[in-house]
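Below is the structure I would like to discuss, written out as structure tokens.
As written, the chains take the letters A, B, C, D, E, F and G, and residue 1 is the first residue of each chain.
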């Protein structure tokens, strides 16, 4: 993929319901925050973000849970991606 | 469990009323903040969070009181979990 | 008591009106902030809280004035406690 | 007085209009902030407050101007006191 | 004058229209911020304010432009003063 | 171009739909944040911005995705530019 | 000019439409932020501002683009000036 996120941002691709069923995770969501599963497609370099050292903890290929309302959607070659900050990723699903 | 929280986040499972009765704790809640009891299921690595060093003080198996409105709910293999920051945990019940 | 507060939190038990009369303190309260007297029941370890070193200045048994709207109420073995941050305690009454 | 303020807080007693007349100070107040004169009754130890070193600049007996809406009112042995942060004191009147 | 401002505060006395005419400055003001001219009457010691070193750049006698809505008005011996933070002073008029 | 941005600001020129089609990127946008593609025309020096060291990660000629609502529009010799902070640039498209 | 701005403030004089035409810059403005061109008339000393080191990047005579809603208007000898922080200046036009 040719989208290179800046700073502590990552590019993710949402996983569909079928993919979630395979790993056994279901994300019901709530009114206050609707979580989603996704795969990491690209990872920014981290470094000094707003004057604070950020180390990237996720890597390409990680399955993650993130907050649905975080980030910006981008469509590339017919696939929708989301660009968001690593801090908006809640957990890695192994 | 295969949910690995990032940073200073933890995964908790809420304890039901019967479980609370056993330990003698009752959580009435108030309009402003409804506390809940839960068990710690997974603990993030801590480290530099928003440029501040966070040491994880809770461990898997701890019974804790947390604020009901904190965190994100995730359903996994039929069990509901909540992912929240350690800072949203008020106390450990021993 | 088996509630162990995390970080800079403390567990307090409110003192009733009669107890206040004994020490001569009356807390009228105002519309903006209603103060209350309480006894410290448990004290967190302090340490790095939000990246800032917090030293605990109160100890178990201290009589304190705190802001009524601060903290979370917890009922334990028929007694109501409040968990709040040390910063929400205004003064020690000696 | 047996109220010992924590951190950078001080306990003050408001001065009445007659007392103000003696020192020649009149505080008209405005809609946005109504200043008041008071005497310092007790001074907290200062030190690290929210991760910042605070040195106490006022001492018991100082006559000060403070913002009327700051702090918490406490009644003790029939006298009303206010507990507020040193930062809410605008000036010392000598 | 016997008002001694704390921290980075200064005491100023507003200059009337006639005084402004002499120095050739007219301050029309706008809806969002109405500037005013004043003379510095007293200057606080500066030092650590909210954990930041503040050096006082104004001195007694300086003519300054400040924001009308900043600070607290105090009347002393029939003269109205304003107590405000140095940061609310925009410029010195020489 | 003779617009020299200050601090961590950059000057960008929006890319039109046709240009986007060539690189295969489509930016559908959402109600919460409408992303846009642009080319970097000028880059500020970075350095200490609000007391934090900012290193410029973009360079003139980079194609970037940025948030539509960020920045200020400027028209120069018939071309519209936008001046915005590097932090408002989400990713570089290579 | 005898207005000496404090800290990281600068004094600017707005450039009229005709002056803009000469340099080829047109500033259409938008609902969210209406940019303006101006000339720098005076520059504060910079230094520690809110506990952060600020180096002044503009100098007297610079033509700059700034945000219309920033700063305070001052009229001096029949000329209107604006006093604003360097951070509200977006770019220098060379």
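FYI, contacts are C-beta pairs under 8 Å (C-beta built on N, C-alpha and C of every residue); 3 or more make two chains touch, one makes a residue touch a chain.
To keep track of the chains, here are their UniProt names: A, B, C, D, E, F, G = Co-chaperonin GroES.
Just so we're clear, the structure is a prediction, and the values are computed from it rather than from any experiment.
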Graph separation of subunit D (Co-chaperonin GroES) and subunit G (Co-chaperonin GroES) (steps between touching chains): 2
Distance between the centres, which are taken as Cα means, of subunit F (Co-chaperonin GroES) and subunit E (Co-chaperonin GroES), whole angstrom: 41
Chain centre separation in whole Å, for subunit G (Co-chaperonin GroES) relative to subunit B (Co-chaperonin GroES) (CA means): 51
Distance between chain centroids, defined by C-alpha means - subunit F (Co-chaperonin GroES), subunit G (Co-chaperonin GroES) (Å): 23
Multi-partner residues of subunit G (Co-chaperonin GroES) (at least 2 other chains): 50-51
Order in which chains appear around the ring, subunit A (Co-chaperonin GroES) first, subunit B (Co-chaperonin GroES) after it: A, B, C, D, E, G, F
Contact footprint of subunit C (Co-chaperonin GroES) on subunit B (Co-chaperonin GroES) as seen in their complex: 24-30, 32-33, 35, 50-55, 57-58, 65, 67, 86-87, 89-94
Residue ranges of subunit C (Co-chaperonin GroES) touching subunit B (Co-chaperonin GroES) (in the complex, touch as defined): 2-7, 9, 11, 42, 45, 47-48, 50-51, 69, 72-77, 80, 83
